[in-house]
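Next up: some structures, all given as structure tokens.
Same chain, two partners: chain A is paired with chain B first, then with chain C.
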Partner chain A sequence: MMLQYFQMLESRIDAKIRKTPDKPNARRKFALEIAKLGIRLYSGEHRVAWCGVVAPFDMLSAMNVTSCFVEFVGAMLAATGNVGMFLEESEHAGFGADTCGYHRAVIGAALKGLMPVPDVMIATTCPCTGGLAAMENLARMFNKELFVLDVPSSDTPESVQYLANQYKDMIRFIGSRTGESLDEGKLRKAIEKSNRARELMVEVYRLAENVPSPSNGRSLANFGIVMALFLGTDAGIQIAQAYRDEFEEMIRNGQSGVPEEKVRLLWLQNRIQFKNPLIKMLEQEYQASIVIDELNDITWEAIDTADPFTGIAKRTITMPLNGEINRRLNHVRHLSKAYKIDGAINPCHWGCRQGTGARGLIQAGLKELGIPVVNLEVDCVDTRNFAEGQLRTRLEAFMEMLQTNPSGLRD
Partner chain B sequence: MSQERIRWNGHVCSYTPTALIHAAGFTPHRVLPIGDSPDRAGQLLHDNLCPHVKRLLDRAMDDDLPALDGMVFMNCCDSMRRLSDAWRAARPDHRVALIDLPVSNEESAVSFFAGQLTRLSETLSGWSGQSFNQADVSASVYKFNEMAELLDKVSQRVRGGTLEGGSFRLQDLFNRAAIEPVDLTVKLLKTVEEEPELRVTADSGVPVYLFGNVLPDPEAFALFQSSGVHVAGDSVCTGLRAFCHIGGEDSEGVFVRLARGLLDQPRCARTFEPFRPGKIAEEVLTEARRCHAKGVIAYTLKFCDPYTSRLPAIRKVLREAGLPLLVLEGDCTMRSMGQQRTRIEAFVEMLR
Partner chain C sequence: MYFLGVDLGSLSCDAVLLDNNGGVLASSVVPTGARNREAIARATDEVLKVAGITEDQIRATVSTGYGRDRVEKRLAAVTEITCHARGINSLFGGTQVLIDIGGQDSKAVRLDSDGQVADFAMNDKCAAGTGRFLEAMARALQVDIEELSELDTGASGGVILSSMCTVFAESEVVSLIADGVAVNEIVSGLNRAIASRIVALVRRVAPTSDGLSIAMSGGVAHNHGVVRALSQAFETKISVPPKPDTVGALGAALIAREKGIRGS
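So, the complex of A and B:
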């Protein structure tokens, strides 16, 4: 089912890109690479690693391992509109409906035999306990050993060294299970590509800060988190370049992502992964643009190719979702100022303890900047609990409030 | 004669290095999710966090605590990490430390955790204004080991049905050991240990193995007893598991010893062996058989990812072994436990 889905997606997007080959087609190129990744994961022709969210995908790519975090599958199943049966499968097997929908969906898919048995499994303790538990459950189902990257919360030399050493152990683990060793030259090239993609992404985000923004509610949805999967590859560079070119062209031509942009919004944490009318409503009825997602940012320095393990460890440890809430809050405040935000939308993904759990603290932290936050009670994956009417009403009230009380960050 | 003021330092997790807190000149005080503080945690945390965390925050916001010099949190799960964040906001008068807790007991993890404990010792020393060395920590480990051994002996007597008061009283002793000065508890436990043995009666209840997370209210154990359950063995965060004996020698350094001892203790579901995923299921079965249980009760708090996510595998293993399992989902109040009485009684009837 998933292989056919990705194959159809690939041919459909490819055909669209061919119709306008002179345009940057940024979003389409991004979606095309996602489809290709899906095909590689499900074709049975590649070495596959199911991973946690913050696994070092560029390092895995350098080892010829097609890797992906399992939450990606949950999001894809939601996007297909068929996620309900997978959620029910996991719930029937005893997995609580109060746990994260991404994880329930992927466990349901595994129970239905729709997850390819991986060559290796690399779990990460960051960003969440639920993700780690899901990986342990999947490893048990697949009868596979699990390699866990224990990501410390504090940014200290000892923590960085601890994680850097774990990457070396991970390489040995993968090598012993797949026969693949890590070629230093390949790793260096992968890191160079990561750094190049990083530079381009910094430019993309800088361009998106423009008032009015070339970005809109759809162009950079899921961008930052999924781009991590393409780090270390040419595809990652090409996608970022396409976005850079597209945004530059739009600004040059005086085009904005949302025509006559009036309200600038920050989207906190994950997007709602299934089709829904909320973004369209914001854009069409209120000229409100989601100009920045919390997860769309570069928070790491370029990695030293002579010492990639240390650089990748620092990249992981310093990500805003890791550790104490102040790190995340400072990041969100920084984004709010840089993008001149009027308000923030927090989809409180049911089942997410680490993200949603802190919503009161995030709300209070943004309030200090004069940024109002609307909390939406949703499950970003589970279509069954989507209360469209209630959410629409909340957003409408929020937009009316923003129109009468702008944040003042644009001044 | 003036009595020296007790300097309390709070903690909330069974992986906390209480001996280290003690060595710094503090009396470790585990904040338990008990009492009747009003529900206010929702101002800072989402309702989908576990009731343990919310009850603790309720107590902090209600100032239902002794005068604490500081709080030590273990970064053991998402909810606990969020609690430490919320605590800082709710109680700016408390000093707060968050300590990373590895998920496994591999050598590299032990070494890293020992470093975390070394760093904590420096923090605690700053808080107390009292310098201490490895010998002091070692002396504290000795004291806490003595308490752990006594609690183990008392537990054995309760499990064997030879101590007055049964598991209700045992839980009360666990709670006192968690919140009172170690010397007082040791003294108390020694007197309990010397109490004459009761004669075991035939009607002491059906032997059941209990596992799960936080169940500190002695009334819950009274409910088990009155429903015909004899808790023959247990592994819960507020029971014997919170008082592990730290083995090993100081020759490898007391912080390494302490780190290894804590990571080697009977595990909470958040800690596991990556190369044997889901091993907790086999461990529950082994422990249930060791105490000759006729059934197993899992007590988990709502929204506790580490436990609820592992229950399906545990259920499967127990079913294959022919051991019945009763899952009780709680919220740290007796209100929810009272509602479970009928289910517990039916479970016992089935096991008889």
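So, the complex of A and C:
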């Protein structure tokens, strides 16, 4: 099912790109590479690693291992519109219906035999313990040994070294399962590609800050978190370049992502992954544009190719979702200022203890800047729990409030 | 010129008709039932009949409530949060916190000094503590919903309900009746449980409610016992208009007047 889905997706997007080959087609190129990644994961022809969210994907790429975090599969299942059967399968197996939908979906898919048995499994202790538990469950189902990267929360030289040493162990672990050793030249090339993609993504985000923004509610959805899967590859560079070119052209031509942009919004945490009318409603009825997502940012320095383990460890440890909430709060406050935000939307994904546990602190922290936050209470994966009317009322009331009581950080 | 506000809620459909000066000519409350269009027509017909005017004399209509998009002759649809705030501000100027408990949701709205919405919060995920909840409890107690209003009289306040889930609370009420607990004690426990939930909701928009001017709208405000419990919880008087269920429609009518006059 998933292989067919990705193959259909690839041919559909490819045909659309061929129709307008002279356009940057950034979003389509991004979606095309996602489809190609899905095909590689499900074709049975490649070495596959199921991973945690912050695994070093460029390092895995250098070892010829096609890899992705399992939440990606949960999001893809939601996008297909058929996620309900997988969620039910996991619930039948005893998983609580109020746990994270991303993890329930992927476990349900594994129980139904729709997750290929991986060559290796690399879990990460960050960003959530639910993800680690899902990986442990999957490892048991697949009868595979799980390698766990223990990501420390503090940014100290000792912590960075601790994680860097684990990457070396991870490489030995992968080598013992695949027979593949890490070629230093290949790793250097992968890191060079990561750094180039990073440079371009910095430019993309800088362009998105423009008022009005070339970005809109769809163009950069899931961008930052999924781009991690393309680090170390040519595809990553090409996607980022397409976005950079598209945004530059739009700004040059005086075009904005949402025509006559009036309201600039920040989306906290992850997106609603299934088809829904809320973003379109915001854009068409209120000219409100989601100009930035919390997960769309570059928070790491270019990696020294002479010492990649240290650089990758530093990149992982300093990500805003790791460690104390204050780090995350400072990050969303920084984004709010940089993007001149009027208001923020927090989906408060059901079952995400780590995300919703910080809800009050994030709301209070943004309020200090004069940025109001609306909390949606939505399951970003489970279509069965989607209360459109309730969500629409919350968002519309939020827009009405912003219209009558303008706040935000515009000049 | 006349201006109409229609609030199509889950339990009732309310209408308020204003004259050119913003004075209330008539208001109506009819059950929503299964057929929304019929409820809208009935609520509208009632106010037109009382005012002695015809539909074509209405300059502008604004709709609100969960079914706001189903009111066909609307100039605009505005959320119930904005409409209740506008309505309560016209009745009790200076209100700082509005509590609106309707049929299937409850809201806390903080108003600024101009009576505009400064912040709001809605009930999470379920309808515990709303009109539907009280309907279920009245059924369990085998009393009319209107009777609940005074049934807590004389209670000592010793009963604490452990669950606010409508299904579990209903079975808990049945168990308490079976145990011989007095009805007034059970009703008092229900009212205090609702108040406790509302306090948590209000705290999200107003971390300290000390000294704040609080008002209440929505059908549940007819229940004096709930209002008393809220008043005790907040240690302050809760202002309740004579027709709390029409506050949303009133706000919609006021917005209709504003838009209608601006349009002409």
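As a working rule, the second predicted complex is superposed on the first by the 410 of 411 C-alpha atoms of A that agree within 3 Å, B and C clash if a C-alpha of one lies under 4 Å from a C-alpha of the other, contacts with A are read in each partner's own complex, and residues count from 1 in each chain.
Here, a contact is a pair of C-beta atoms (placed from the backbone, for glycine too) under 8 Å apart; a residue touches a chain by one contact, two chains touch by 3 or more.
This is a predicted model, so every value here is computed, not measured.
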*After lining up the shared chain so the two structures overlap, which partner does A:Pro372 touch, if you call chain B first and chain C second: first, second, both or neither?*
second
*Of the two partner chains, chain B (first) and chain C (second), which one does A:Asn165 touch, if any: first, second, both, or neither?*
first
*asked:* For A:Thr99 in the superposed arrangement: first (chain B), second (chain C), both or neither?
replied: first
_Touched chain A residues, chain B compared with chain C_ = B
*In the overlay, answer first, second, both or neither for which of chain B and chain C A:Ala397 touches.*
second
*Thinking of the overlay built on chain A, is A:Arg206 touched by chain B (first), by chain C (second), by both, or by neither?*
neither
*Which partner does A:Cys128 reach: the first (chain B), the second (chain C), both, or neither?*
first
_Per the definitions at the top, what is the overlap between the chain A residues touching chain B and those touching chain C?_
350
_Of chain A, residues touching chain B in the complex_ = 93-96, 98-100, 103, 123, 125, 128-130, 132-134, 136-137, 139-140, 144-148, 150, 152-154, 158-159, 162, 165-166, 169, 323-326, 348, 350-354, 356-361, 364
_Complex contact set, residues of chain C against chain A_ = 66, 78-82, 105, 112, 116-122, 124-125
*Once bound in the complex, which stretches of chain B touch chain A?*
42-46, 48-50, 75, 77-79, 81-82, 84-86, 89, 98, 100, 102-104, 108-109, 112, 115, 269-270, 272, 274-278, 302-303, 305-306, 308-313, 315
*chain A residues touching chain C - in the complex, by the definition given at the top*: 350, 372, 375, 377, 389-390, 393-394, 396-397, 400-401, 404-405
